[in-house]
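You will see chain A twice below: alongside chain B first, and alongside chain C after that.
Right, the complex of A and B next:
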């Protein structure tokens, strides 16, 4: 083993400590839980991770920008509701099977537009994104309840509900979709001008303005990407259930933010990565899956996750304080 | 900026500073015009009784936010407290049940306070973690079941949610009592000044001899105490509790605090305006229902009201309607 290779790996791990944690819990559950270490179960984990994971991809961009989007869970529900409902519209019956395409596009468009609306409000009014999207979270959820009259909808197209359990080769389609999207966003973030601008705007907005970046439209684009992926997650989830419920996606914004923060993205913006976010999402999914297989009641997962989130934060603070020499106040 | 423009602003400044009050009066007038039941004494009392639960917590959260932090754990904490007090009521009697419930919420608040105050961790993440952990603990405690009080007609515990004190419904007495206490604490006591100082500029506060950690710690204890009071009202009103009864309350509470003009950055805010924020949410809900709108239409209206209120506030401070972001 060469030292250089070893060093670069250690450096990579120190930048993405969550992956160390992912490996540890994976090894732990492989020994502790009976059916954990099996290809079938790894596929399950990936499918379970895809919902939160898809939301997290878009939200990572928004958070690196130094903003936050609390409305993703509500957007997820609205997009799923619209898509599932539209399949059964009599006015669209003449489209035959193409109605599915129209419904899916409409759902995705809803998410993208609502994300764009949030971004536009943040840009034009200068109100903090936390407040703007907190309002949107209530408002969009209200819209879902009013639209559905608090009823669940069932997908009338079998092709739609089959999609959720289909596979491409050995891998579930949803897992492939999630991984493909992760790669696209990773490239967007690390190889394109837009990605570089995302870090610049989050790191130092004034400097970004001086460097000629149009900060406002840039943030709107990221909010739109965030809304798009929330909608996509909604579709992914509703294909698994073959239905949409008005309550779906509730508190997902909290789970997603937890995953992203575990992955090392700072709430203040300017740093973070898709690789880290992926680690955070996997950590949560593996914990849930593993504890489930060990027949630990799901309640304990909530406690464990809460404690881990706070512990990671404390650890991060401790490590950073040693390097930054911040005066202890 | 020229003088004329600044003079012109004074009217708008008043509009912005008292925007929430004006919005409140307008909303009352509109609802009053379109529904003849809205301004009836009984209806107003019913709304006030309902708003008590959110209202009491909003007082505590306002104090936390003025101190420069957030508290997202109040919803889960409310679930835990309500479940505890209701479940223990039949086992050990109302008195001890209330005592144990308050011990539990204060312990949870103390954990928040130590982590955010003394260890100086980010309050959003800490209280998010506590939201998850407390919900989990509540579910473990109840084993996923709901709890209720068997003998509902024959217990003095009913006083908190269903009873009156001197002819006024207890939730209203508690809401305004806690509000007055909070207001006095913030405006007439050294502690209040320290909270504003800590939230406004933590560094300056520390250099002027304020023990930042202790102040933040205490704000979380106050917030937890108000959650305990809300749990009394909620548990006593329903005489039972679902194990996730408080889910989503943190956001309603935060909406009320934001409507009241308290800045999430800390250092500014006002209990009395939070009270108006709570009332406006309560009356919007009630008014829309009386006008025949679906229940959740209130959330749509809340969305618009929140953004307009905060926008007006931000715009008045920077003297321009639109943000300067390119």
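Right, the complex of A and C next:
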């Protein structure tokens, strides 16, 4: 037993079982679906993964903190709408091409501020983040409809919509952006004080307070990071479409939470990792892509994903029960 | 019925291994009819594991359990209960929102056809059991409204729904008042008279000597011996438990008291405490003695910046300071080891190293990143200094024993290099052996020049570790004693408000 335990690869896999699952589904579809195992398709998967993936990066921090943010889908839509709309503003025409930068920054700022507002309300009122962000989800989506009068906006800058389909070397730009961001957040979480505090606050809030961590501001920062990445995901998605629609990002909060939970983050906080989240995001993207190629009707795809979510978590619970049975002293 | 030689329950050579721990290593135990059999051992000695095996929560790796001459192997608590082995949990496991009767028969509610609950039978049977236990509450009372002692009664009533042959009490008096304890002892005497074999687990020696007939001692998962209570002494039992005798003598060390580190003048915090003035010097241990609610922990929390004082001043090195947040307190060199380590002290799901470095990771950076090497240095040095027993720094704190968890919290705050260390109930829920270690540690810290405040409800502990003792009653300081002039009598008087 000790031989197996000391094997660091096995230990790693037992902490990130989702990666075993990713490999299995990847191999499965490589054989089962035509055109799955091709560079072009892998690129597709990465681009598709980048939207939920970007949201998931920020939301993982919020969830390890023991909070949740249900408003990410709505923030995504608002940020995309603002950025796409501002490109066409007459009043900013004097900026020339620089208007794109201003529009992008404005969209990202929107998301960051709304995330911060969520966090501030959670901190100052003490209302559960589930409730606060549920309200924010409804309210922000409403704002998007007010803003757009239920219309879709089209990007007036060609550079903007070209960005979504561009590549850096062999890799799509959006995939590179996602992977780069994932590395940054992974380092933030595993190597910095803020990251360590994220685990401590989620693991035992009172002990964190006693250790001198300023829990309120800390949580606000994570909500801001969550909002920022939701907005970034909105921009990424709208560059692919060359447009924004008032309904974009609907139910994305649910997809994202599914991916994060598949990746091993607990809803109660205190544990989780970006490596796991990445696995969860890839698992969902590969399943959707593969079933799509096998021409499974999309409704069945939902059924399969739902079953898999529960099955994976049940398996995880089963595997970890033995450690939970360690002597309660 | 009593005096029979064949035991009702016998455990033979039971072995149970967990990953990385051999929790039970060939334990043997006989419970006779109508006896109170105390089971003693330090935390981690294997008492809980053994009881969980008897109650069907764990299955042993090897060994046998014989009940009434028949070998049994309960696989679930329900099965064990049906066999007549009932475990009364240390943490009450009741559903607060349901009635007494529903709780007593939880999982086995009497039924009529179509699965409807037979309320009449339920209430009748519960009333009968409550009468046997001399309970003063109705089957229809809501459990959440009852006092802790009455909840304990409900838990015991559960045991009586089956024909119990063996009842196991796991630390039953931990949360009872003296009055409530007497009621519990009466019930145990009744069960005993009815021929039930009783296993009684407790840390409290005086209780064990009061009610038990025999005592079995476990140490490190191994059987250490069974003694007749009437023919043994506390000293002998302790020796078996920790392998040596425990020194609880009075502190006679004379300190070379240094400069005053902390002083309070007329410190008050609303209703919690008023007009508290005292001082602590470098190299001395000041003990705070008082009853629950005397305001000692609140005073500690105020010194650590968790509460704001409403009047008075805190002086550090003679200069008045304001300590409004823990961060501030830490900067002034004050550290607090809080009362309940699991709720306030530790992040149970984090590893040992990360817990120890938690308050100072800001200072352990290399550029923007944490420095694992610096963190490991700190863990290693405190692991050695406090002899923390853990398989390695990666071990989750959740899996350590109580004594080692407490050492992690102390290590965490020592690592902050405080000048004043406040320790609130340093040995609560810790076994005897680790207690002595922690007491020595506290004395050693004082010798090393720290100013130390110890808050404890255990009088021998206060007398053992303190150089000076401050007594509090209802939020006020009553008297200050030097170690030489204090004794239990004078302390009891002072903390009860009698001058």
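The working rule: the second predicted complex is superposed on the first by the 315 of 329 C-alpha atoms of A that agree within 3 Å, B and C clash if a C-alpha of one lies under 4 Å from a C-alpha of the other, contacts with A are read in each partner's own complex, and residues count from 1 in each chain.
Please note the rule applied: contacts are C-beta pairs under 8 Å (C-beta built on N, C-alpha and C of every residue); 3 or more make two chains touch, one makes a residue touch a chain.
The structure displayed is predicted, hence computed values, not measured ones.
Once chain A of one complex is fitted onto chain A of the other, the partner contacts of A:214 extend to both chain B and chain C.
Touch criterion met: A:271 reaches chain C, while chain B stays clear of it. In the superposed pair of complexes, A:35 makes contact with neither chain B nor chain C. Chain A has more of its residues touched by B than by the other of chain B and chain C.
Touch criterion met: A:206 reaches chain C, while chain B stays clear of it. Once chain A of one complex is fitted onto chain A of the other, the partner contacts of A:191 are limited to chain C, with no touch recorded for chain B. Legend: residue contacts after superposition of the two complexes on their common chain; A:135 is shown touching chain B, with no touch to chain C.
Under the contact criterion defined above, the residues of chain A that touch both chain B in one complex and chain C in the other are 209, 214, 329.
Considering their complex, residues 18-19, 21, 23, 43-44, 46, 48-49, 52, 58, 304, 306, 325-327, 329-330, 336, 338, 343-350, 354, 358-359, 361-362, 365, 368-370, 399, 401-402, 412 of chain C touch chain A.
Residues 1, 5, 187, 191-193, 195-197, 199-200, 203-204, 206-214, 270-271, 322-323, 325-329 of chain A are the ones that touch chain C when the two sit in their complex.
Residues of chain A touching chain B in their complex: 121, 123-128, 130-132, 134-143, 145-146, 149-150, 209, 214-216, 250-251, 254, 257-258, 261, 267, 297, 299-307, 309-310, 313-314, 317, 329. Within the complex, the chain B residues that touch chain A are 115, 119-122, 124-126, 128-137, 139-140, 143-144, 202-203, 206, 212, 247-248, 251-252, 254-255, 258, 264, 294-300, 302-304, 306-307, 310-311, 314-315, 318, 322-326.
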